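What follows is a short report on a single structure.
Lettered A, B and C in written order, each chain numbered from 1.
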């Protein structure tokens, strides 16, 4: 469905050149695909290229056979695309229904009867049917995000791109969002870009980890966990000293007997009381980032 | 004091770093240099007399005041408003920064950033005059005085309004009104149409140009404004600036109490 | 036109783009009534339609595309650049047109004689030409600099320069860039060439704006 070969995006020139994307190769098929990475990894740039808003500096990117480096290709892809950007700007003086209706018109749904029906459907899908006539400026953050997803769905897109959709949402809203996205992924490509590991873990069977414009990992969450086995420990220490020996502290909890640390690293040789623990996805992410930093230092 | 200087320094640096500002100044100053500046007599290279260096300095500064304040007014209009738009003001209010330190720091930072490129350019042009033998070295001194007496009050006046007014009206509305005002309030003939031009509320620098620098070079017409008129004009302009800044502070205080 | 809605185009416009021209129009109407002098009325009328309306249109146009809160979403839809340009500027032009025409009607009703501006065609070209030119300049400047401030600055600067040195502009080669020729010196022998040159300039500005709009990443 989406074929990406050696995708690059560069900003600036000379000493100030930033390689936002540096030779990304990916093939994404139907279903839920997660793109994980730290801030500044290039996720939003990648999403914007897929949405046809940003032009790549090099490489090729084809969506359902259409070449995104050409105007005709971009136009064709935008017709089958639903996009929820990270910074969601909306016309807050419009009601939810009006806004989604307007976006439907911009996406080419000219038949007013079909469009009205579709707008109702998507608002129902995101649980905003009852407040459809309320102005967006009166909505909470979560509700605004839901309006965002509604406008992304209104043209029944083959590809749905959601960039950091759960940032700033409360846990209940995040769960609702994740479930909605998984439902939608049954019959289309859903690309979820996030730095929240849990969102990926709960929804995606296929993911890539992006850092400094490069793909560090490509596979399933299970593969990522397998690669981390043997590198996660639990350690309780008393006193003020913190674990070192090139171990990353993923979490710490103050207990009566001392502080319990969850550690990720190559080895916990220096700590005889450290106990190997089953890795979680967050641990896997930290281990991956650690390895990539070490590779950079060695090179 | 250190907080005020911090705000001033930050605003100055931010304004100076705007490529748009340098492009705008570059275009306008180039335009001036080619078209508006009084041409040097072609018959022979003459050295300006003592009286003429004052008149010429005043004329250059006054001519720059025709258009540059419009540019300054438009470009500075978003400097204070953007802090609100970007949510930075909320962060600043949670710090020990006093409101007066903030507004004055912003004001002087924007003002100095607007004046600096013009002063550099004026000194450059003055240097050329002196280097080519058209003026004595004293011209440097008179040009700087003309800058201070004619241009600085105009820029200061415009900057105060450009910081304050966009807080109570949309930016584009202010830019339209201000551009129209600059022409109406400074260059319309009062005999033809009611205007502030010619009153003590005129910030164009005409009072100072005539009162302190002798008016148009080679003009035989009597001067309309004396040195005491010019002084009074500067005082009135100064009071207007103070009034605007005071009202701005009151408005911002009222806004934070409302929030 | 596909993918266009007049209703939503109006609803998504900033309110000040509607009330401000109206307020300005009302101000000039009141001013005319207060001063109530035959010569003054004519000067005020031509100042409004040929000088003030282009300024308002130009600066409003500078904000037309970039001052859109949903710009990223709009760019992600399959709307062509030409349509974005048309949709976001046409209302500005319509509002200025209605303002100018309404003022002309008002002026005629109170007895203003527009004969010095020539026939009906010349009268309307005298305000249409500078208005289109300033709108095109405003939007071009904003898109070129990827900032609304650049567009409004260019419009303001050109306006003030041409208003202040209008007499000088009418007599040398700058006359082809003199946007107020039709309204301030309608008897100028090069008026037609001037208007053709300004139309050409406007078309050029709009063409380059359309080209630049394809580089959407510059504006988000």
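Before moving on, here are some points about what is shown:
FYI, a contact is a pair of C-beta atoms (placed from the backbone, for glycine too) under 8 Å apart; a residue touches a chain by one contact, two chains touch by 3 or more.
From a predicted model like this one, the values you see are computed outputs, not experimental measurements.
Taking the mean of each chain's C-alpha atoms, the chain closest to the overall C-alpha centroid is C.
On a Cα centroid basis, the chain most remote from chain B in this structure is A.
Separating the CA-averaged centres of chain A and chain C is a span of 44 Å. With centres defined as mean CA coordinates, chain C is found 27 Å away from chain B.
The geometric centre of chain A is 49 Å away from that of chain B, both derived from CA atoms. Not a single residue position of chain C touches two or more of the other chains. Residue positions of chain B in touch with at least two other chains are not found. Taken in their complex, chain C has these residues touching chain B: 14, 16-17, 20, 24, 35, 40, 43, 52, 55-56, 59-60, 62-63, 145, 147-150, 152-153, 155-157, 159-161, 163-165.
Of all residues in chain C, only 2-5, 8, 11-12, 68-80, 214-217, 220 touch chain A in the complex they form.
Contact residues on chain B toward chain C in their complex (touch as defined above): 20, 23-24, 27-28, 31, 36, 66-67, 70-71, 73-75, 78, 169-173, 175-176, 178-180, 182-183, 187, 192-194.
Across the interface of their complex, chain C is touched by residues 48, 51-55, 71, 75-76, 78-79, 81, 83, 85, 87-94, 98, 101-103, 105-108, 110, 151 of chain A.
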